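Look at the two complexes coming up: chain A is in both, with chain B in one and chain C in the other.
The block that comes next holds the complex of A and B.
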């Protein structure tokens, strides 16, 4: 029993997080910056932060993850990190030659009070940034928000620095996804492409952190949103933020800064949420829904109906990030499963809880923010054991101890592959997720059925 | 030579070509994609295997998240070390101080888990906001009656090496507390082995067969009570020189315990370690048992290695690891497999270490301190390495380039120490280098074409 230390009785804790269900802002910022073409993330802090974030992303994607660091020393922490960032900019452009350096802060540089806007403006003024190259930054202190906040802040910073309203509208839409897998970003693009609508997606980590093996190590893989297309986002007809917590801020900024109206949708996980997304894009662009998408929808729906008896009434506990959780809950409910618990270390505000209850009903236990950690999640499970857990790799301790099947979703996933290649969004993602859920339930049924009840045809 | 950052030029050398005055132990150049971590990381990996202690990370959540059970340090008993405890500092504490929160967290944890001791790790901002962690620890220790030890591991206060030192200072405070439990005159402490994939158990078993008592393992499969009496062992045997030599020196100065530096990787180093320890005790029985042990183990091992060697002869390896001591052993171990080392580097080597590396490697070998992926990938290409030995961040680089990989870091899946570790190592290197998957690697296909023409 790995978690033999988890007691069943739930006690209020005042000051303590045990086995966190979140991580800090900079890793989200780093991931978002990887989704911009030829952009190198830069961590303004001690070198440990950068190393940890790269390790975390490398473990999750099994891909090289490149980022640089200001390598703070004791001196920098006393006198400020200005000299470090200037030296870093110089070194990075000389050696690694990115088009953009995306600087994110850390708790250290935030607390000592480095004013990056002023420092970077001065560097620009002094001609330290090569012609045509860009350096942007986002404030991402680890003591506020979570990795989702960091992802959102970095995406917003790209909009802030680059999107412009040229006064001439372009018939295209903006898509701002929350912190999701590259496979999910591809699938969203696929849907919009099937609808034959022109779009800009920011960020876009597909073909960056799920690239092919071609015998070369590349600092800058082929994917990522291009700087040119980010600039045009200010001229789009509308923006869709997919996920309130991770994507809304950037969409709102496009509205206030460039007068591009925005629509805040849930991530298109579940048939219903995908319908909503398809309908929103269709309406905005004035296009019909093609046969090809109807086919994908029909296939998912077909399997939902065929296999309904195997999911009906099953209970599920969910842990993860807010935008994903909304989708996961919707998926469970539309397949007639009952959601018992929804836990997020990220604190997304009261709307999140309302949304989850709208989807799952009033009985569901929802907790987010402080002390909404894996320890609490485990205690809930000890009090009411679900048939299935959906969550990240860290759930495996709980699931092993309690003998509950786990389907890995969210971040991080350190011990399985597939998440970066196969989606959970869209109709095809729904079908894949349902297949995974069914495999789990049916394998258990086969394992546990009495000999006389053991069925060949299921 | 490939292009190197101006500030790094003295950290990379090619044997036979360049003069040799490597500069090392310095902070990474700002703006490099350093593979290094921070002070906190150093302390955390060293202390974490003490399985019946509480490890509380005082700082924002990230530092706890990223170090939650990432190192496969096994425990034969309690597993409290595999939990992740954090004060999860928020803006409020950054402004008003985190001492209250720290105290509350410590009290809650100690009441709940009744650990034998507690370590409190300071992270970057704790050093900046000025929490008096020492005072909180002292007051909780007095109240709860267990040692509560501050670890001064603020990330920016140096390199990973400084973190090892902070860890040694903390763990040292656990020694010297038990003067009653009997300890044999033929006794040692194993320092600097972390029981990755059960390696401490292998080594401990060797010493048992030699007739030597292991008083404590610091820190692999570590226990607070064992460390409390570690000061009464006759000898400290230090592996992984980077992390624990400092503790050995402190114990020598305070308790007069001599120490020996050893490595448990590879045949020569493993045998030398056991003989070295045996010779210290000047005891015929121990000497005889050691001779027999080494003879038995090596004579089983060598024929197995020969099989692997047949396939691996003439292949080339690149090594990039944390500590340089490991690099020494790997260079020698690879030779047993017929493989030459063409690139070798470490995150934390000293000048002395690099000089030794220069002695044991062939002409033309690139020796580097604190390298980065771009450099590393170019070195590999230039020298035509077939295998990279490294850690988590190096693995995908090797794979993307289409060469084999062996994890000799936290994520090793098999024990690599001891004689059986050497066999595992050989098998792992063999399986990776000889994998049919490389037939489809573009780089190999291109190389084969080149040979045909």
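The block that comes next holds the complex of A and C.
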């Protein structure tokens, strides 16, 4: 057994986190900044943070992940990191020529109290930032929130720095996705494009961290939201935040700062959540839903109905990030599966628990925040074994020990590909996810069936 | 194309062009064109601060301490004291394999434990939470030993992990509890963390139990972390030869082996950078001689085994070692010759670690691949130039922050394994004790040596040198491969291995052969991209 010391008996802990179901803010901030075109993320702290975050994102995407660091030493930790960030800005523009440097803080620079607003304003005033170039920052201390908070804070910072209300409305919508895969961002764009609605999506990591092989390395890949389009977000008719925890803050800021009203929706994972999203966009833009989307919807629904017998009644345990979990739960429930456990290290507030219970019913065990870790998740599973686990790569240790099939969803996924190319959102994403679920259930059935019960047609 | 021509065409200024003012002067000292002259090599500037914003490969002190040195051991319960990130990223990512004695034996490696400090604790102090976390860990896991690893904010808010360790040890007298001040901002790279780890393991772990392992010719391997199963292969070979491998620091290791490691008669050092301190201190305190070995490369493995056998000086042991070498080499030679025929003439660049950029040159050489540029990520001058430069290394402010322990001979446990005369005699016969000759002495003249490479320079080097293979880490992997050049990860081995020892050498030959001859890179251009102009008129309406 890999996790041989995990006892079945659950004893409440108050201080020790074991096998976390979250990570720290800066990695989310780095990921969000990669979703802006010609933007270089910069980590204001010691080198290790940047190295760890780049490594984590690289292992997950198997793509170049470029970001710089202020390389704090003990001296900088005592005297402040101003000299380091100024030197870094100078070097980054000279050597790597981004349009924007998106600085995120770390526990180190937060604890010593570096005032980045003041430092960067002064740098701008002193002419240390080349003309036309931008340096923005987000406060992302690791001792608050999680990688989802960091993603949200960096997205919000882009809105804060760049979005303006010019007084002239543009017939377009804003889409603010939570921390999701580039493939999912593409799929959301696809849906909006099918509806023929003009939009700005922030951030947009598609064509950035799932780029092609063409013999060239590009420091700044083709994708990413452009600075020009972020500026226009203040003039859009409405914003859709897809995910309360990871996307709501930026949408709310667009409302307060630029008077763009916002709608907070779940991530469009599941047929129903996609319906809600499509309906909301259709209504806001006053457009009809095209046949093409009805076809996608119909195909997913067709498979749901045809194969319902294989999913109905199956039990599932979910671990991951709040916005994803809401979608994963909705997907499971609409396929008549029963969700036993929902665990997130991120603490999204009481609305999360309410939403999960709305979807899954009152029996589901939901825990988020402190000590809602994978050790606890594993203990729950030991107490009530599900037919399937949905979660990140680290779940493979649990699933091997307990002999449960695992479908990898969320962050990080270090050991399988596909997540960055094929979506789980939208109707097509639903169909793909259902295919994956059916594959594991039916493979199990084939593996475990008695010889006389082995089925040719299923 | 020969190295001389390449280097002339690509001397320093070109790589340094467009680098900010005031920088090249310092940076230029970290670029050296190699020249071996009677064992002497040019001086290189190393273990220096990384320029902010440069896109470095380096990590931090915590990574060096928790990630590298202590991470691979399975039954010291490790608690990261700090916010969640550090503990999360060091959770199983370094591929240190371990094989507990039985299905029930302790193995904490799949567990990441953290105090997950929150804002309140940052403001009011985290010691209380750390103590509570230790209580909970003890109740759940009943460990023999607990290591506490400090992250950046812990040092800044002034949590005294050592005081907590003492207090908790008084509460749990059967458990050895110790803390590491390996805050990420210490030093200039992972290297500082290695030193912090060495110090604590030396003062709080090694020497606690005088029970030797059964067996003759007992030795330790220091600086072998069992990535991809390297240590398993070394265990296999040791057994065949008749040596008793007492303890590996720290691949596939356990606490009992650590606390009794001082009973072994020899320390062999693999990764000089990360663990030379422990070897030195154990020699001074316990009288255990040490020398450098290299088990990367079949010939290097054979050489190292002979050295160990000679050290023990037993005729039977030496004969058995020769027999093992002969048997293993017989299997290797045919495969190696076949692969060498295909790979000869290829050029490699290596940027990794504090020893690997040296060790792996050996392995590449065995299949005819020449290393034209190499550099370490976090090494010191002695890893480049050899330990003879140690007295001349200027200690700067960043290194001074890391404690240098004052060690003296243990009044009871000191036992010189070899008398001074014996050592002198062996040295006269060519044995090098307490020494490492460094990487540059083994590299060709005119090869380029670069310390602490950054992305910008890597791009320039690729443009100028067109290497067939680059060896580096995960962050560089896809940057390089997007350009159609294969990259072999030498931190994680790309989830393969072992690459050490005899079996490892064969694995590596085959893997490099696959990489440099893979058909997939050849598919980059679509057929129409080679003939973009349309000349035919083939239309639907005809």
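The rule we apply is simple: the second predicted complex is superposed on the first by the 458 of 458 C-alpha atoms of A that agree within 3 Å, B and C clash if a C-alpha of one lies under 4 Å from a C-alpha of the other, contacts with A are read in each partner's own complex, and residues count from 1 in each chain.
The criterion applied here is as follows: contacts are C-beta pairs under 8 Å (C-beta built on N, C-alpha and C of every residue); 3 or more make two chains touch, one makes a residue touch a chain.
Given the structure is predicted, the values throughout are model-derived calculations rather than measurements.
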Clash or fit (per the criteria above) of chain B with chain C on chain A: clash
Contacts of A:310 with chain B and chain C, given as first, second, both or neither: neither
Which of chain B and chain C A:91 touches, first, second, both or neither: both
First, second, both or neither for A:73, with chain B first and chain C second: both
Partner chain(s) touched by A:220 [first = chain B, second = chain C, both, neither]: neither
Touching both chain C and chain B, counted on chain A across the two superposed complexes: 2-5, 7, 13-20, 22-27, 42, 45-49, 51-56, 58-59, 62-74, 76-77, 84-85, 87-92, 94-96, 106-108, 111-112, 141-144, 146, 213-218, 345, 370, 394, 397
Chain C - residues contacting chain A, complex: 18-20, 23, 49-63, 79, 82-93, 103-104, 106-108, 110-119, 121-122, 129-133, 135-137, 139-141, 151-153, 155-157, 184-189, 397-398, 401, 455-456, 459, 473-475, 477-484, 524-525
Chain A-touching residues of chain B, taken from the complex the two chains share: 3, 5-7, 27-41, 59-68, 70, 79-80, 82-91, 93-94, 100-102, 104-105, 108-109, 112-113, 123-125, 127-129, 155-158, 373-374, 377, 392-393, 395-397, 399-402, 441-446
Residues on chain A engaged by chain C in the complex (per definition of touch): 1-5, 7, 11, 13-20, 22-27, 42, 45-49, 51-56, 58-59, 62-77, 84-85, 87-92, 94-96, 106-108, 110-112, 141-144, 146, 211, 213-218, 345, 370, 375, 394, 397, 414
Residue numbers on chain A that touch chain B, as the complex places them: 2-5, 7, 13-20, 22-27, 42, 45-56, 58-59, 62-74, 76-77, 84-85, 87-92, 94-96, 106-108, 111-112, 141-144, 146, 213-219, 345, 370, 394, 397
